[in-house]
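Next come two complexes, and both contain chain A; in the first it sits with chain B, in the second with chain C.
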Partner chain A sequence: MLYREAGDFKTSYVADSQTFPIKFDRYGYYVLLGFAFLVMPLIINDYWANSIVVPFLIYAIAALGLNILIGYCGQLSLGTGGFMAVGAYASYKMMTAFPELNIIFVIIIAGMVTACVGVLFGLPSLRIKGFYLAVATLAAQFFLIWLFTRTAWFYNYSPTGMISAPTREVFGVPVTGPRASAVSMYMICLCFLVASAWLARNLTRGSMGRKWMAIRDMDIAAEIIGVNPLIAKLTAFAVSSFLVGISGALLFAVYLGAAEAGEAFGIDKSFLVLFMVIIGGLGSIFGAFAGAAFLIVGPVLLKLLLVNSLGWPTDLAAHLEIMIVGALIIVFLIVEPHGIAALWRTIKEKLRLWPFPY
Partner chain B sequence: MKMTRLAATLAATMVVAGPTLADTLHFPSLSYRTGPFAAGGIPFADGYSDYLTLINERDGGIGGVPIRQTECETAYNTERGVECYQSIRNDNPLVIQPLSTGITYQLIPRTMEDGIPMHTMGYGRTSAVNGEVFNWTFNYPANYWDGASVIINYLLDENDGSLEGKKIALLYHNSAYGREPIPTLERLAERHGYEFLSIGVDSPGQEQGSQWLQIRRERPDYVVMWGWGVMNPTAIQEAANIRFPMENFIGVWWSGSQQDVRPVGDGAHGYKALAMHGTGMDYPIYEDMQRYVIDAGKYAGTGDEVGTVLYSRGMYAAMLAVEAAKKAQEIHGVAAITPAMMRDGMANLEITEELMVELGLPNFGPAFSVACENHGGSGAAMIQQWDAQAGEWNLITDWIDPDRELIMEMAMDDSIAYAAENNISPACLN
Partner chain C sequence: MSGQGEGMRDTVTDEGYMTADGRKIGGVAMEMRNITLRFGGVVAIKDISFDIRWGEIRAIIGPNGAGKSSMLNVISGFYHPQEGEVIYKGYKRPAMRPYQVAQQGIARTFQNIALFEGMSVLDNIMTGRLHHMKANMFQQAIWWGRAAREEAENRAQVEKIIDFLEIQHIRKTPVSRLPYGLKKRVELARALAAEPAILLLDEPMAGMNVEEKEDMCRFILDVNDEFGTTTVLIEHDMGVVMDLSDRVVVMDYGKKIGDGTPDEVRNNQEVINAYLGVAHD
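This part shows the complex of A and B:
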């Protein structure tokens, strides 16, 4: 009824190939954007912004990045935590070395540095595939963390090896450091997320994305039809690492405020983002959002429900949380192996025919 | 996305609906009862909670105002620690005790901004002893650099005043926590002429094969350990395996609890550790504890940690917090104190031996006083040794003083650098 294509005529190629071809979808998207930019900053309280929405936005960027590499280009990577650390340490070095530089540029440059590192560690992908590549990127993870914990230059020779973000402002409003308000943190993360999603969506449906998908589906066939695997794979590593680096820089500078490589960007981060991509749905922009929401917002909501509302002991709640999230992951993978995005697609198909299915 | 928003709104209403009591004193506990560090987190959280329960049950609260306790699980993870802090910061928490150096580093700037006092007893950022820079952070009665210095002073005593030509290895948890003592031990190595070797163990620390191989090869005279959680019993087991003389193996106060030595059995006999307070149940306070808390079934957790080293430490932390709250009530003449008043109480805290006797804890902790220039107390600690046959820790020394002059000098340098980085002009709050 509401959700239909009938009568929604397209008269140009541009209109036909737009991101949201169905009117209902498109308006929903505009409403959501308007809500996120205009209404949320007014109604959101500090706890919700700081503990739930900001980490969700940041991890969604990381999931978008990894989704490009795994979901679109088919290159398995376990180095996400290490690449996030590169973004974080690059932004820290930039912030302390050039205090005048605007934080937005710092974060973008941190993303570019990560892209370069990503390309470097992506080089083995030209020779090795699948699980072997996963092991090679795993080496990147351990090497990068080792580098950041052992080389004092990266943490400006601080005795503890912690890096901490100084206060930086955008238009006179502090967005990093302790004085940053919840709303400003929310806004900067939201802007980066929307820009990243826009970039990812448009890259993946353009010629570059098609090359990635050709490599993913069958690399030899892709090479025969004229896709250069060197360029395709390395651009996928570069774009993916760029987004992952931005999320690492935001996680450190905006959300955590202080970090150390081994604790904040360990191997568990790599797996967390990988699970987001798999549960959300490989090769789907929406999937990155859904996966991040599931694994970041889910546990906190569960904690609020069990501890704050039901008053259960914290240790029991923490153990139950692990068990429930784990069980939900298994259920999801059995019920819908292609992730939440595929589930959403099925629901959409059904809704388009509702209430008159044939 | 839409479903998330819906769930968010639902849960938001649940949070807002929770009761907030104004006429209570809120003592939050950022505990960890899960994860690889739970062995240390559980007894501390139990001790902290039991002492506060005792004050409520026996005295009806502090100055007639009942204590309200909340607990938040951090799993020793900094991200969850920040989430916990965010969830309590608008609820008038009187003092934050995160029991994690990593979380402390995250919270120092935030608590300064929010005006909430933080007490990091025997952990956290050492240079917080300079209260002119770190107005809201306290680390009395002792900190890591004190601990490192006390160990060296003890070893000096053992070796007739000279460590010339000795080799001392530091086995440390490779995190902000474990790296804290390195600068002090390096400085002291210059002064006393011992050879210093630092060996890092990656978190959580179950794998230490290569580190102990290195220790076997290097043959240090002493091994000093900065370990926590599962790293401690593993290290003691490895030391027993290579037959390292246990009396030459000294842990910091976070590596010296029953949970650390019991799994190793007889092999751990003779292992030494720092003690920043007494331990065991031979204190009059346990009569009240038994009567009001344990027999009444109001204990935290399972109640089987009572009297262990880390339980005593949690109790000690709670006791210092309660005394600071009393001091704050005395200064301001108000019973329902705010976090800002609590800070004044902590900044003017004075613990005397008479007070300790009155509280039922004679000879339990050092007598010390806090001032704006010194948030770190006395820094003294004792050495305790594990007796595996009797299954108890024995104190083998009296209070040993650290080299406070050197530590204050280093802390000044570090805190002034922090102040410059963060545009803080050092001054006392009044």
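This part shows the complex of A and C:
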């Protein structure tokens, strides 16, 4: 009787509509949050931070953003890589133009810039739907990357065409640049992720989220009920691009340190984040985390297993890793087309009755 | 019977009239003036005029393809007629998008259920209250003050409707898991949640068994009785129409062939012809 819903009575609508209505979930969440903020900084090392934890945190933000657009509002987008590049280049331009501006504000403003660009490229969604919209956002992807590689102003006329993040500090601790430690990188990404998840959850639980979901499920009925499709779709693009922009800025400034648009933010990034959202579960905040974990942590664990435990050669393991992860994705989508989040829901429903299923 | 019907027609004045069961019906809520709607060469609605009065249950009937649903779509702003005008609350209504019409207090249900399948029953009904929720995006993002307060207030209103329509047990169920009859009821709940001035029901009883039909009739009458909601309904079940409605518009081939109380309509020769089938000229 580990997990129980019975006897957990709600006496107000506020209590009934909270994020974790079941006590066990709520305490589990507090424990996890406490672990992430208090214990992880003590035990994290460079290897874990660089190979798993920091990319997971950053891609989870991107997956949250894309999930709002695709999972909640039903607007298919393949421009994620391009929007991440907007966040990255916006943060780079701001870091170099205003060196005294705090990096936290830089990243938030980079997100806002991306939101504006996202709204611009979201305008076609008012006329076209589904795959046609996906193709239109694909145009955004290629156009933005082209723009950032061809226009020297964006990379401050550097001869290599690369952008590299200067050192910036938060409370005197460097979080970007070569002097940044694993703990500081982890902490800034974690703070942004927790804030993003909180924002995304709040926006999707209220009237805004219902407007998005109404547009997703049946746009004509939504309009007749009183949803303005223009505002609903463009706000979804704005919020989604905001989060994607933040993750792009973090990926460049904190994680990579130096980047080149075509290489760091290519179409493969768009697909990576799209797969995270689909595998994790469309229309679920938890799904964004699960999908990011699956696609970031999965390959690393596989590599650890094959190379370190079984002692296979690295190149063989690398190829096998790609094949196994690919096969896992396919198997996963056949077994549970609605993603890890749906799987988790099924488990929870089973646990409600466990151990007496009748 | 026909005498009673004629007597009633005399008493339909600008101020209103009394129904057979003694309810007081108010003045004109909405007036359709010479509406003509064409799709290319097809004329779906030909020069139709009628009015809808505050508090009444107004039925639109007619054989398949008569233009009933098109008429409802004109009222809800989904179609824009080529000719004629819609007078609402005394003013000519300009060409509007459907969401603007909804904001003016006109809610509807659909012939083929148009619920949001991916959302729970509760969320579907809460969606009906969208224009009672005014918190902006930033207030919602931090879930503070207005956003949280509005959510709880509107939830309380929605719970009243859930009680009213007796769907407490499925509150948290995803709509896609519900049987057809319950979906129809949830759709009515969503329309009612908007607290509409005029409620449009497109075949609320299509495909239901007798018991479900009786429930639905009861709900429609109760809604009208309790909230005084003006209701316009399209229905094929003549028994239901004649029992429920105060006045009936009969359409055939896009034209209005009858308008009046159920008794008047029942005795109208053109209506009988349309339903029993007489060769058209």
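We adopt the following convention: the second predicted complex is superposed on the first by the 358 of 358 C-alpha atoms of A that agree within 3 Å, B and C clash if a C-alpha of one lies under 4 Å from a C-alpha of the other, contacts with A are read in each partner's own complex, and residues count from 1 in each chain.
Methods note: contacts are C-beta pairs under 8 Å (C-beta built on N, C-alpha and C of every residue); 3 or more make two chains touch, one makes a residue touch a chain.
All values derive from a computational prediction rather than experimental measurement.
Undergrad: Identify which of chain B and chain C touches the larger number of residues of chain A.
TA: Partner touching more chain A residues in the overlay: B.
Undergrad: Scan A:Asn202 for contacts with chain B and chain C and give back first, second, both or neither.
TA: Only chain C; A:Asn202 stays clear of chain B.
Undergrad: Tell me the contact category for A:Ala97 with respect to chain B and chain C: first, second, both or neither.
TA: After superposition on chain A, A:Ala97 lies in contact with neither partner.
Undergrad: Which partner does A:Ile52 contact after superposing on A: first (chain B), second (chain C), both, neither?
TA: first
Undergrad: Touch check for A:Val135: first (chain B), second (chain C), both, or neither?
TA: In the superposition, A:Val135 contacts neither chain B nor chain C.
Undergrad: Please give the residue numbers of chain A that touch chain C in the complex, ascending.
TA: Residues of chain A touching chain C: 12-14, 16-17, 199, 202-203, 205-208, 210-211, 213-214, 216-218, 220-229, 235, 239, 283.
Undergrad: So in the complex, the part of chain B that touches chain A is made up of which residues?
TA: For this pair, the touching residues of chain B are 1-2, 4-5, 7-8, 11-12, 14-15, 18, 31, 33-34, 38, 42, 71-73, 75, 77-79, 82-83, 86-87, 89-90, 101-102, 105-106, 109-110, 112-113, 125, 174-176, 179-180, 182-183, 200, 202-203, 414, 421-423.
Undergrad: Any idea which chain C residues touch chain A in the complex?
TA: 76-78, 97-99, 101-103, 107-108, 110, 114-119, 123, 126-128, 130-131, 133, 135, 137, 140-143, 147-148, 150-152, 155-156, 159, 190, 194
Undergrad: Quick one: which bits of chain A touch chain B in the complex? Just the residue numbers, please.
TA: Its residues touching chain B are 28, 32, 35, 45-48, 50-53, 55-56, 149, 159-162, 164, 166-167, 177-179, 255-260, 262-264, 266, 286, 289-290, 293, 297, 300-301, 303-305, 307-309, 313-315, 317-319, 322.
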